[in-house]
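What follows is chain A paired twice: with chain B in the first complex and chain C in the second.
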Partner chain A sequence: MNAAVWQLVQVFLVVAISPLITGWVRFVKSRLNGRAGASPFQPYRDTYRLLQKEAVVAHSASWVFRAAPYVTFTAVWLAAAIIPTFTTDMVLAPAADLIALVALLGVARFWTALAGMDVGTSFGGLGASREMMIASLAEPAMLMVTFSLSLISGTTAPAQIIAFILGGGVGIEVSMGLALAALVMVAIAENGRIPIDNPATHLELTMVHEAMVLEYSGRHLALMEGAGMVRLTLYMALIGAIFVPWGVAAPGGSVVEAMIGLAAFLAKSFVLATALGVFETMIAKMRVFRYADFLGGALLLGLLATIFLYVSEAV
Partner chain B sequence: MLVAAALSALLALAVLGVLAGAEMWRHRMVYFCCTIASLTLMAAGLKHLGANPGTGPAIVLPIGLPWMQAHFRLDNLSALFMVVVNLGGAAASAYGIGYTSHLPEPRRVTPFFPLFLFGMNAVLISDDAFMFLVSWEFMSLASWLLVMSDHTNAESRRAALVYLIMATFGTFCLLTSFGLMAGAQGSYAFPAMRGIYLPPVTSFLVVLLALLGAGSKAGLVPLHAWLPLAHPAAPSHVSALMSGVMTKVALYGLIRILFDLHGHVSWSWGAALMLIGGVTAVLGVLYALMQDDLKKLLAYSTVENIGVVVIGLGLAIAFKDGGEKTLAALALVAGLYHIINHAIFKTLLFLAAGAVITATGERDLGKLGGLLKRMPWTGATALVGAAAISALPPLNGFVSEWLIFQSLFKGPSLPYWAMKFGVPVVGAMLALAAALAAACFVRAFGIAFLGRPRSKAAAEAHQVPTSMRWTMAVLAVLCIILGALPVTLTDALSGVVQPLTGVHFAVSADLGWPWLSPVSSTRGSYSGTVLVMTGLSLFVITILLVHGFGTTKVRRADSWDCGHKEDIPESQYTGQSFSQPLRRVFTTSLFSARETVDMPEPGEMRPASLKVRMIDPVWRVFYQTIIDGVGYIADQVNRIQFLTVRRYLLMMFITLVFMLLVVAVRQNK
Partner chain C sequence: MPITQLSYDMAHLIGATVLMAGFQLLYQRRLFAVLNTFAFQALALAAAAAWQAHIQNAPHLYVTAAIALLFKAMIVPVALHWLVEKLGIHRTVETAMSIGWTMMAGVALVALSILLVLPVTANAAALTRESLALAMSVVLLGLLMMITRRNAVSQVVGFMALENGLILAAVSAKGMPLVVEISIAFSVLVAMTLFGIFFFRIRERFDTLDLSDLETYRGDRQ
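Up next, the complex of A and B:
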């Protein structure tokens, strides 16, 4: 019974909180830049305003262009609903493991890239082409992280991994550190953050994600941006839950434990969001063809994480 | 009995195909009857799987070699492949009903089409090596004739020649492999073959030759070079059969030898197979990404998918030899699941490519664009196929990839260090292949069906006949069903792998329907069914929320594009520009890809140009060497043609003396 309730809470929590997290990152960045910055709640207002505006659709667009925002948002939302944030006691937890989560985000990317190509403009194609190049390196890196987590804990289900780590099955492991580093790099790339992509850019030649959604307006744009915000929340929840799992409630726990889990999740998310803001302020964006080095590095870190496991086993 | 009737019907149809002449309705009738025959065979296969009797009764016919009769038998494995082959066969035949009138020369295609179907089915039910090889050759030659149907095209002729050589090479390897397995007594019937003990060296050779023989037909790197030439050269419904189905018959041969007839393949072959599969998958998809020809792209993607299946087979061999029977069953189920999936979506995509070619007369991506609006049915079904082949949930391609990943992640539990280190590398290759496949099909679908038309032909594309559209729709629905209800299929597959791995294994044992939970409930699980239900509800909630809080108004306008006004469709991304970043990242060293930009000085009137040069390492190292070698030998042998009579007599004398010597030595022994 509890599992169903917590699942419902989780489904709506991830959507409700994600504009705040994105707003907080922007707020931190503007403060570090010496600007006053908009309130962290500004993304809620932006989303509401976009919903009120009519959607402009190009003459050359097909139904894929109009369906893509809904499909993209649903796919990301579904993925975020299944990642444990404050409790592992959820009915949907066995429906998808980490491999399936990677693939669900792949669905969102597939549709966004197609939408970028649908209008038939050069920028849309540019964004789609670069996005698929980034994904073709980031996805294997993410699966290598999954592989090493699966070797450590014996499972690919996030809920079981958390249970294993909370149960004290893991000491301080080099592999965990390498996997964390790889996951963070993947998260940066997948969310289109600096140094891979600049979410605030409107300089045509450096855009990746922005170039794909360039033609969107009104509610379509709101959904595309919403999908981005939920994706950011999802990756923070994933990093927080797997590498700092303390506080996450287990099945059979009381309501108080779930409340503690909720507080821990919020605290973790804001620490990570602040860290992201600081990190983005400190570094500059890369050239497009340096991405391969960055993400290839993530892939190799993931591979090393598995190899190191054998080494530590043998020692 | 049903099977025999359907097979004889196919043979009779081949004769009718010859008699069809120029009357189009007769061609249509032949295809219609082929559809019925294929559906009958599929039903027979399903019935066998449903009853699950293990091995069916043997049928012995007094044909074939005089000292050996022809043996036929249907067991679970052949029944499964019979379903796969005839599903593709029925789809291609039904598509042919409408498609045949669009072919330039239907009379060169219709008679051989039933023969091709017959050959593939006969391979599956053969129960002795002789019938197996005869049927195998039947299948190869019938498909070779179909590749040759466009004989006026020089490229088709070259493709057919390369295909013929590779097919002969493959059959030769299989023949030798069977000969070694039959042992000194020459027991060519399969039941007798199973019991024979093979010494290590023979065992090694048997596996190697089977791999060369079946692998060359399936398109394993480096034996794949003929495949992207031959498959696209045939008419599209035949390409669908060759790529979607014939490669599966090749895999059937591989599974039959490695898991059934030989039975005790060493784990190191499993590791080797896994690596070959990984390399095949990555190279196949990279080739596919660089193609501009729609059908060539699909053919290369077949190479990729065969690689994915072979990873599963290799894992199964390694697990089986390592004593992990349950995991062997899991890996084999994963491989078989991918075989079924690939047969469905590759057939679908080839049929869609055929529809595009029918509608526009173009197969070059650079001349297409915007087809989704002109051909909504073809476009929508092709989108399902593209998403399925990109391994996106909740479609069928993802289920098999997931199962392969799950078994791969268990690979390090084997006590071999080669496996422990090999598995992560193969895992990375498989993940890379999956991600690149998504890029490849975003590119293919996006360029061909989305955007604005890049040529007049694309702008004036028309719908294709009903039979073609319906066939594609049925296949697309199958992609969705097999993705959303995976457990039903895995249960059927566990009955197929049971005799091969010696263990009864249900993929959903722990959590029950509809959860896929291999090994145990805490190992990680997946449920397509639950994902579809939840996804659909969230989709509806999203629409309700968005439309409830906001407006539903839509305004049509010109595209924004950062304020550029772009009326010329050439300003869109093309296939080449889409793959340029990937080309730079992955193929600069692998294919030694180089770009040369020719930018005219200001004032010059000639157009600027960008040339890309790529060298296929496999072709250069492997094929070019062989071609050069054969050429050298031919040159040397050629000299014999121009000798004087005296020298010919001398040669005959030397040969005679040599032969007499051989006889003398043998008699003295």
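Up next, the complex of A and C:
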């Protein structure tokens, strides 16, 4: 019974909180830039405004263009809903699996890229091609992280990984540190944050994600932007849940424990969002041709994490 | 303090930080960034030595940590900074291989050092093995840095990074006498002074620190 309730809470929580997290990152960045900045709640207002507006669709657009926002948002939403953010006691916990997660995000990316190419503008195609390049580099790294985590804990299900870590199954492990670094790099690339992509730009030469959704308006745009916000929340929840699992309630726990887990999740998300804002302020965007070095570095870190497991005999 | 699993884990984590700094050295493209990364690596090394002193109850290792902190994290990077500015060197690092390939070679070297360490230390505890593998990887990455960089300053940084790996191995093993570490530290300082003089001489003569330009002066290549 509880499991179903918590699952429902989780499903709506990730959507409800994600504009606030995105707004908070923007707020931190504008404050660090010396601007007053919009309120952290601004993304809610933006989304509301977009939902009120008429959706304009180009003449050359096919059904793919109209379907893509719904498919993308649903895939990302589902992916975010299966991460045990505040309790591992959820109905979908057995289905949650890091590899399934990668696949769901892959579906979302595939549809976004299709939509980018569908209208036939040059920007959309350019954005789609870059997005695919980043994805082809980031996904192996993400899978490498998954492998090292599953070698440590013997499972690819986040709920069981969390239970394993909370049960004291793993100490301070070199491999965990390396996997964390790799996952953070992948998260930066997948969310299109600086130094890979600038989420605030509409400059032709540098934009990746924005280029693909350039043709969208109204509710379609709201869904596309919502998918981006939920994806950011998803990665923060994933990093927070696996590498800092303290506070996450276990199955059979009381309501109080789940509330503590909820508070811990919110605290972790805001710490990570603040860190992201500070990091983005300090660093410049890198050239497109250097993506391979950056994400290759993430892949190598994941590889090293796996290699070191064999030295420390943790396997 | 009794040696527990946690204290070993911490030691390995700091050792891994030194190794990561070694990888970062390979990734950097600008001279000042290389120097800053080197300073960070030396800082991590000092932390590693201090932690070993703490868990082994070996006060002399604190001296090693202090030497690493003072000489390698402060004096050497500052001196090299000053040299680079004084000489007005072109600050982009020329690499002999692309960064991606260099990083891949680096991971291969880490795998190699693990393969080397595993049979040699078959009787040792897993804990010693990990530190030894880490230290050996740092040494090999330093060598790789010396091979793949064309600029004399970054080659010297590669040499110093290699030496950081040696110190890391020395502090992880129990019972390394202090005099050895002190002599290594001073020899590095002397080496840096000599390198500095050489930089001036090379540039005076050839107007560059890019060592590939010097190859035309070699006798065997007519």
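The rule is simple: the second predicted complex is superposed on the first by the 312 of 315 C-alpha atoms of A that agree within 3 Å, B and C clash if a C-alpha of one lies under 4 Å from a C-alpha of the other, contacts with A are read in each partner's own complex, and residues count from 1 in each chain.
One rule holds in what follows: a contact is a pair of C-beta atoms (placed from the backbone, for glycine too) under 8 Å apart; a residue touches a chain by one contact, two chains touch by 3 or more.
Only a predicted model underlies this, so the values are computations on that prediction, with no experimental measurement involved.
Q: Applying the document's definition of touch, where does A:D97 land relative to chain B and chain C: first, second, both, or neither?
A: Once the two structures are laid over each other on A, A:D97 reaches chain B alone.
Q: Examine A:E173 and indicate which partner it touches, taking first as chain B and second as chain C; both and neither are also allowed.
A: second
Q: Contact-wise, after the overlay, does A:M144 reach chain B, chain C, both or neither (first, second, both, neither)?
A: first
Q: Give one of first, second, both or neither to describe whether A:T233 is in contact with chain B, with chain C, with both, or with none.
A: It touches nothing on chain B or chain C.
Q: Figure out whether A:V311 sits in contact with chain B (first) or chain C (second), or with both, or with neither.
A: The answer is second: A:V311 touches chain C but not chain B.
Q: For A:N191, is the partner it touches chain B (first), chain C (second), both, or none of the two (neither)?
A: Neither partner.
Q: Scan A:L223 for contacts with chain B and chain C and give back first, second, both or neither.
A: Only chain B is touched by A:L223; chain C is not.
Q: Report for A:S269: first if it touches chain B alone, second if chain C alone, otherwise both or neither.
A: neither
Q: Any idea whether chain B or chain C touches more of chain A?
A: B
Q: For A:T88, decide between first (touching chain B), second (touching chain C), both and neither.
A: neither
Q: What is the shared patch of chain A, the residues that chain B and chain C both contact?
A: Shared contact residues on chain A: 292, 303, 307, 310.
Q: List the residues on chain A that touch chain C in their complex, please.
A: 171-174, 177-178, 181, 292-293, 296-297, 300, 303-304, 307-308, 310-313
Q: Please give the residue numbers of chain A that touch chain B in the complex, ascending.
A: Checking each residue of chain A against chain B gives 11, 48, 50-64, 66, 70-71, 73-75, 77-78, 81, 92, 94-100, 103-104, 106-107, 109-110, 113-114, 117-126, 128-130, 132-133, 135-140, 143-144, 146-147, 150-151, 154-157, 160, 204, 214-215, 218-219, 222-223, 288-289, 292, 299, 302-303, 306-307, 310.
Q: Could you pull out which chain B residues touch chain A in their complex?
A: Touch list, chain B to chain A: 369-370, 372-373, 379, 383, 387, 390-393, 398, 401-402, 405-406, 409, 412, 420-421, 424-425, 427-428, 431-432, 434-436, 438-439, 442-443, 445-447, 450-452, 511, 515, 517, 521-527, 530-531, 534-535, 538-539, 542-543, 546-547, 549-551, 553-562, 564, 566, 569, 571-573, 577-582, 584-585.
Q: Considering the complex alone, what residue numbers of chain C touch chain A?
A: Against chain A, the touching part of chain C is residues 5-6, 9-10, 12-13, 15-16, 20, 23, 27, 99-100, 103-104, 106-107, 110-111, 114, 117-118, 126, 129-130, 133-134.
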